[in-house]
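Two complexes are shown next, each including subunit A; its partner changes from subunit B in the first to subunit C in the second.
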Partner chain A sequence: MSAAAPPLGAAQARPLDTLVAFTRRNAWSIGLIAVLVGLLLFTKALQPRYGPITLQGLATSVQPLLLAAVAQAIVVISGGIDLSIGSMMALTSVVSASLMAKQSEEVGVAVVLGVLLLGIALGAVNGAVVVITRVPDIVVTLAMSFVWAGSALLVRSAPGGGAASWLKSLVVGPLANEWIPKAAVVALVVVFVVWIPLSRSRLGLSIYSIGSDRLAAFRSGVSVGPTRFAAYVMTGLFSALAGLSLTATTGIGSPVPGPYTLFSVAAVVLGGVSLAGGRGGVFGPIVAVVVLQLIQTDLTFLRVDSNLALVAQGAILIAVVMVGSLITMRRSRG
Partner chain B sequence: MTVAATDLLLEATGVAKTYGAVVALRSASLAVRPGEVHALMGANGAGKSTLVKILTGAVRPDAGTITVHGRPLVASSPAAARRGGIVSVYQEPALIPDLDIRSNLRLTATPIEPFRNWLDQLGVADLDLSALARRLPLATLRVVDLARALAIEPDVLMLDEMTAALPANLTERVLEVIGRQRGGERCVVFISHRMIEIGAVCDRATVLREGATVGVVDVTPGSENRIVELMLGQIAEDIPDAVEQASTHVTTADVVPRLSARSLGSGAKLDDVSFDLRPGEVLGVVALEGQGQDELFDILAGMSRPTGGSVTVDGSPVAFRHPADAIRAGVVYVAADRAEALLMQRSVRENIALPLVARLRRWGPINLGEERRIVDGAIQTLQIDTRAKGEVRRLSGGNQQKVTIARWVAGGVRTMICFDPTRGIDIGTKRQIYALLRDLAAAGAAILLYTSELKEVQLVCDRAIVIFGGKVVRELSRAEADEPALLRAAYNLRSDSELPEVAVAEIVAQADGTPVEAIESPDPAPPERPAAAASISNPPDEPE
Partner chain C sequence: MSAAAGAIPRSGMSAVRALFRDQPIIPLTGLLVVLVLVMELASPGIVRPSWAGVMLRTAVPLAILAGCQTLTMLTGGIDLSVGAVASMVGFVTATLIHSPGGVPQAIAVALAAAALAGLITGIAVGVFRVHPLIVTLGMSFVVLGLANVWQLQSVQTGAGVPDVLRTVGSGLQLDIVPNSLIVFVPIVAVILLVLRRTGYGRLLYAIGDNPVAARLSGARSWQVLMVLYVISALLAGVAGLVLAGLTNTASVSLADSSVLPSIAATVIGGTSILGGRGGYGGTIVGAVILTVLSALLTVVGLPEPTRQIVFGSIIVLVAAAYNRVTAET
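Right, the complex of A and B next:
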C-alpha cells in the first residue's frame, strides 16, 4: 500500500490505517469488551434491579483479583509464571491489617508504603531465586507460595486486624457519578500509573522481548537475567497492591490465601496474554477479571447450583479462549 | 601478514574453547585491518560458529585475547561486545518476533533515519515499521537485521551466513552494500559458504580447520582453490569427481512418474504448478524468494492441503491430510530448517530411528538390535560425525542436516523432496550431500530438490523447473541450466534479454575468473535502481 510513497515519508500513515492497525492489534481486547458489554446487558435483563449500587459492589469485589491479574500478566509476558501471588497477597494483607489495627490514619499511610516495599522485596526474592538458581520458575514460585503462606500464618494465625478508614473509603461507593465506581477508578489509575510508563520504557520492551524470544533478546543486547528479576519485582509490587486491596475491601487481614493465584492465571489467559510469553498487555486481563466475575454473578442469578456453576465456569473459560484463538487465527491467515 | 598490531582493527589470538570432551577451538586467530572485508572460512565443525560466538560475547573463551583498536575487549555478553564496537548479524534473525520493527530498533537503540537509509540501499524501501517482526518473511528479517547493524555503525560488523536464506536479487544488493564498506575506517567479517560471494566482496580470508587457524589468504582470482585446499585438507580432490560422474544419468519419459503434480494451487501464492518426477531422476526447482515454492513443498510433504489441482503418486491420486500420509505413500521431506525436522535434545540414533520405528514394529517393544543395525548403516552412508551423538543439538549444522537425510535413507527412499538441504552448510558436506542424492537417484529413487544456490542445479539435477509467481515458467535440461539461464528464468525474462540487476551478471562473471575489481567499477546504474543508492560509499549522513 505504502510502497509508492517516498520511503522517508512513509512513517506517517493515514489515520484510517492507524485505526485499522490499532483494531487489528487490539482485536482480542476489543472482542473481550464486546463480551463484557453483552454480559452486562444479559445481567440487566436477568435482574432488572441491577444498577449503580450493584455495579459499585462488583467493582469492590473484583479489585483484589484485578490487581492480582495485572501482577500475573507482567510475569507471564516476560515468559515466566508466578504461583505465589495468592500467598504474597495473604502475607501483605495480614501484615498491613496487623500494623494498621487501632492506629491513626497517618500511620496507615506509612504502613501502606511499607507494605508496598515488602511486596517489592517478596518479588525480589522470587526473582533472585529464579534467576540465580536456574530452577524452573514454576517450581520456585510454587515452593515460595508455601513459604509466603507459612509466613502469613506466623504473622497472624487467624483473620483479624484492621484498616485505616481512608483506605477503606477508597474502595467503596461512587466517584462523581453514581455509575462510576470508585474502586474501579482507583484500581485503573494505580495500574496505569505504573504500567504505561513501564511498557514504554526500555525495561518494558525488554520484558516483552525476553518473553517473545529469549535468544534473540540476548543477541539484541538485552540483559536477560536482570530483566526477569525486574518482572518478578513488578509482580511482587502488584501482589502487594492486591493484598492491600484485600485489606481495604474486607477491613481485616486473612492469613489463608484465597483462590487468587489460579484465577489470575485464568484471567491472564482469557485476557489474551500468551502463556508462552511476549504477547498481550494488562488491559485484557483486567476486562477478563470482570467478565469472569459477571459470569459467576449471572450463574447465581440463574440459580445454578454453586458446584455446577464452577463446572460451567471452567467450561466457559475453555470455550471463550478456544473461540477467540480460532478467530485470531483466521484473521492472521486472511 | 606482517602488520603491526596497532594497524589492526580487530585482533584475536590463541582463542580456545572446550565443551566437555569436545574441543571446539584449539587455537584460533583472526586479524582484520580497517577498511577490510575479511572472510572467515572453515568446513563443518571447524570452529567458525564458536569463534563468532566468542567475538560477539555469546560464549566466553577458555583462553586467548581479543583486542579492538588495540584495546582488550571484554565481551561478556552481546551488549558488552556492542559497546566494544562489535555487532553481529546472526544466521537466525535476532529480532523479537512479538515486537514491531520500531520497538525492535528502540530495544537496540538504533537511530531510525540511518536505518531507513540502509534499508533503501538494501532494496527494502517499503517496509512498514509498525509491522510485527513475526509477520515478515525470513529474507526481509535478515535484511532488516543487517540494516539495523549497519545503522549502529560498529567498528567491526560480523555477518554470519548473511546471504544463506536470501533470494538472488536481495543477495546481490547485500553484497553491493558490503562491498562498499571497503576502504573505510570500519571492517566487516564475512562468513559465507558461497565462494562466489567471497570472491566478490572480500579482501582476505582466514581459514579455520579443526579449531585452529590454518592460513590467511589474499582473495584474488584463483585463490578459491587455495582456500578450499586449506579448509578441507586432503579430501578436497576426491568428492567432485563422484558428483561429476554421477550426474550423467539419463531418464526415459515413458516410465510411470513417481510423483506428479497437475495445476497445483494454494491460495494466492501458488497458482499453477505441474510436473512429473520420475524414478531415478533429480528434478531441480528454482525460484526467487516467495514465488510459491514454500507452499508447493508444504503440500507435497502433507503439511497443508492444496486449494486446487491434484497430486499423484505412482499413478494413483493422493490427498495428503497429514505428513504421515505422505510418508506412508513414500514421499519423505527434508527441510532446510533442521530444527523443523529433528528432536534437538535426543540422540542421533533416536532421531534416525524415529520414522523407522513405525515401520519396524507397530505395537510392542522396538527391536533395538535391528534398529541399531539400520541406524549404524545410515550413519556410515552419510559419514556423520558422531562425537556428540548424545544430543543432536550439539552437532554442527552440516552434521545435523546429514541426520535429517539419514532418517529417511535408513528406511529406504522412494521419493524424497528436499527444500534447500544445503542451506548454510560447508562445501565438504555439500558435496557429500550432492553425491548422496545422485547415489539415491542411481538406485532408483526420485528426488525433488529446491535450491537457493543456482550452481547446485547443474551439479546435481537432471533437469530443473523454474517457478515464478506461483507458476512453472520454464523447464531446463541439465545442459541448459547454467546460472545466467536459471537467473533469467527465475526473473521470468526471456533468455536473450538483459538481467535487471547488472551486478548479478558481474557476480556470475566473477566465477569465470574476471578480476575482483570489476565489482567496484562505476555502476552502469540501471533505470529502476534509485539514484541515491548507486553513489553511496560512506554510511548515510544524518537526514536533512
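Right, the complex of A and C next:
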C-alpha cells in the first residue's frame, strides 16, 4: 500500500491495525461466535454425554429456521421485511410433501426443483405487489401471509404426505466424520452457493445500497424497483428451501405455519442485520439461530420449564438489541 | 399539498384525493355500506338490528386492539405484543377470581402486569431507541412464556371467566345494543379527545411525522413513547377482558389470532404505518369492515382457506387503492 521501506515501527503495527479494523468491522459476528463457543463448552460441561449424536440432532432441528433466517436477512438488508416467510414455508412444504408421497426417488428430484420454482414465484408475487402498489412492505407481506397460508390449507387440510428418502437422508446423520453433521453441511453449502456469488455481484451491491439509502442509490443509477423485486425473489427461494427442509426433517408437510416468521426476524436482528437495512450479512443470523437453539437445549438440561425458555429467548432478544443500540448511540456521539 | 394547489380551484379528482386523505372515514363508511348490501343480497333477511348488534359486539375487541396499533403507528411504531398481553390479562383475571379481593382485584392485578410489560417496552423503545417491532416481538415471547408458567402454577384453582366479564363482553341490551359499548364508548371518546385536543396527541403525530424535528422542538420523545406503550398495553388488556367475556374462554393464546387483523384494521382505516398520519375514527370503521367481511365470507359459504386468501387479497387491494388515491401528485 505505501512506499518502499517503511519505518520499522509502522511495519509491525500494520498487521495489527488490519486486525483491529477487521475486528471492529466484524465485532458483532466475532462476539456471536464467542458466545456460540462458550455455549457449546457450557453445554458439554452440563451434559458430559453431549456428543456427535446430539450435535447431529441439533443441526437437523435448526435447519428450517436457519434457512428461514437467511431468507429474512436478504430482504431486511434490502430495507424491507417479509412477514410471509412462515406461510411460504408451509405452502412449499405441503406442496412438496403432497407431490412426493408414494412416488419414486426420481420424481422427488423433479418435485424439489418445481418447489424451488414455486418459491421463486411466491417471492416474485410479494415483490411485484410491494414495488407496484408502493404499500409498505410490512403491510403487503402481512396480507400475503394470509394468502399463502390459505393456499397451503387448500393444498392439504391436515398434516400428511411424504418425502423422498434421499431428501430425508440429506438432513440426518454425519458426513465423513461423526462430528460433522450432514444437515449443517447441506444447509451451509446451499446458503453459500447462492449467497457468496450474489453478495459479490452487482445485484448484491445494489441490494445493500438500496437498503442503506434508497434515494442515494437511485441517484447513483441503481434501479430501485427491480432490485427490491429481486430481493423478494431471493427471499422466496430461500423460503422454499426452508419449506423443503421442513418436509425433509419431519417427513410430512403441515399446512399450519410454524412460528418461523417471528423467529426469523429475531434471528436476523440478533445476527447483526440492521432492520433499517443495508447492514449485515447471512452469516450472523445463521450463528444466531444456533445460539438461540443451544440456549433452549441448555435450559432443558438445566430442567428449566420450557415456557421460561421462551421467556429467556424474548428477554435475550430485547436485551441484546438494547445493548447494540446503546453501543451505536455511544459511537455516533463520540 | 402546496399553497398554490390550494389557491387554484380543485379538479374533481383532487377533491376526491383530499377527501380520502383528510376524511378517510367517509369513503370507508361507503365501503361498509356496500359490504352490508352484498351481505343482504347473499342472504336475504339477515341484515336486522340484532345482526348489527352481533357484528358490533364482535368488532369491539378488535377495534380496541386496533386502537393500540393506531396510537403506536402514529409515532411510526407498531405493537406486536397486544395479542400476548390481551390473552395474558384475560387468563390471569380468570385464574384470580377466587382471590380475597374478588374480581376487581383480579382485574387490577392483571392490568398491573400488562402495564409493567408496557413500561419495559416503552423504556426499550423510548430510552434505548430500539425498533418497536423487535421490542414488542420479544415482549410477546416473554409475556406468553410467563403466562404459560402461570398456567402451570394455577392449574388447580378451578377458575373461570367471571360473570361480570361475560355480561359485559357478550350481553346485548334488547337484543341489539352490545353491553361492551359501556367499555368501548369511553375508550373511543378518550382516544379521540387525546388525539385531537391535547398536546400529548399532537406530540404523537409530531414524533411520527419527523422524530428529529420533534426532538429539536423540545419534545421529550422518550417520555411520550414510554407512556404510549404503557397505554397500549393497558388498552390491550381491556380488549383481552372483553374478548374473554365474549368468547367465555380464558386461554393464553386467546387473542393471538387478532394481532394481524388489528394491524389490518388500522391500515385500512387510513393510518400510515410510517407514522404521522391517521386517526382512530377510520380504525373503528376498519375494524367493523373486517368483521362484516369475515361474516360475509362465512355466509357466502367459502371454506376457511379461501376466506383467508380473499381476506389477505382485500387488505392488499384496499391499501393499494388508498396509496393510489392519496399519493402526492
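Keep in mind that, in the parts below, the second predicted complex is superposed on the first by the 302 of 334 C-alpha atoms of A that agree within 3 Å, B and C clash if a C-alpha of one lies under 4 Å from a C-alpha of the other, contacts with A are read in each partner's own complex, and residues count from 1 in each chain.
The criterion applied here is as follows: a residue touches a chain if its C-beta (ideal position, glycine included) is under 8 Å from a C-beta of that chain, and two chains touch if they have at least 3 such contacts.
Just so we're clear, the structure is a prediction, and the values are computed from it rather than from any experiment.
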Checklist entry - Touch check for A:Gly221: first (subunit B), second (subunit C), both, or neither? => result first
Next on the checklist: After the superposition on A, what does A:Leu262 contact: first (subunit B), second (subunit C), both or neither?
Outcome noted: second
Next on the checklist: Comparing subunit B against subunit C, which has contacts with more of the residues in subunit A?
Outcome noted: C
Next on the checklist: Going by the contact rule set out at the top, does A:Val140 touch subunit B (first), subunit C (second), both, or neither?
Outcome noted: second
Next on the checklist: Looking at A:Lys44, would you say it contacts subunit B, subunit C, both, or neither? Reply first, second, both or neither.
Outcome noted: neither
Checklist entry - Counting only touches as set out at the top, which of subunit B and subunit C does A:Met322 meet: first, second, both, neither? => result second
Checklist entry - A:Ala149 contacts which: subunit B (first), subunit C (second), both, neither? => result second
Next on the checklist: According to the stated criteria, A:Asn307 is in contact with first (subunit B), second (subunit C), both, or neither; which is it?
Outcome noted: second
Next on the checklist: By the touch definition above, which subunit A residues appear in both interfaces, subunit B in one complex and subunit C in the other?
Outcome noted: none
Checklist outcome for this item: Within the complex, subunit A is touched by subunit C residues 78, 80, 120, 124, 128-131, 133-135, 137-146, 148-149, 152, 260, 263-264, 267, 273-274, 304-309, 311-313, 315-316, 319-320, 322-324, 327
Checklist entry - Residues of subunit B touching subunit A in their complex? => result 56, 58, 77-79, 82, 88, 90, 92-99, 103-104, 106-108, 112-113, 116, 119-120, 125-126, 128-130, 135, 543
Next on the checklist: Which residues of subunit A touch subunit B once you look at their complex with the stated criterion?
Outcome noted: 2-3, 5, 7-8, 10-11, 13, 21, 202, 205-206, 208-209, 211-213, 215-223, 278-279, 332
Checklist outcome for this item: The residues of subunit A that touch subunit C in their complex are 81, 129, 133-136, 138-140, 142-147, 149-154, 157, 262, 265-266, 269, 275-276, 305, 307-315, 317-318, 321-322, 325-326, 329
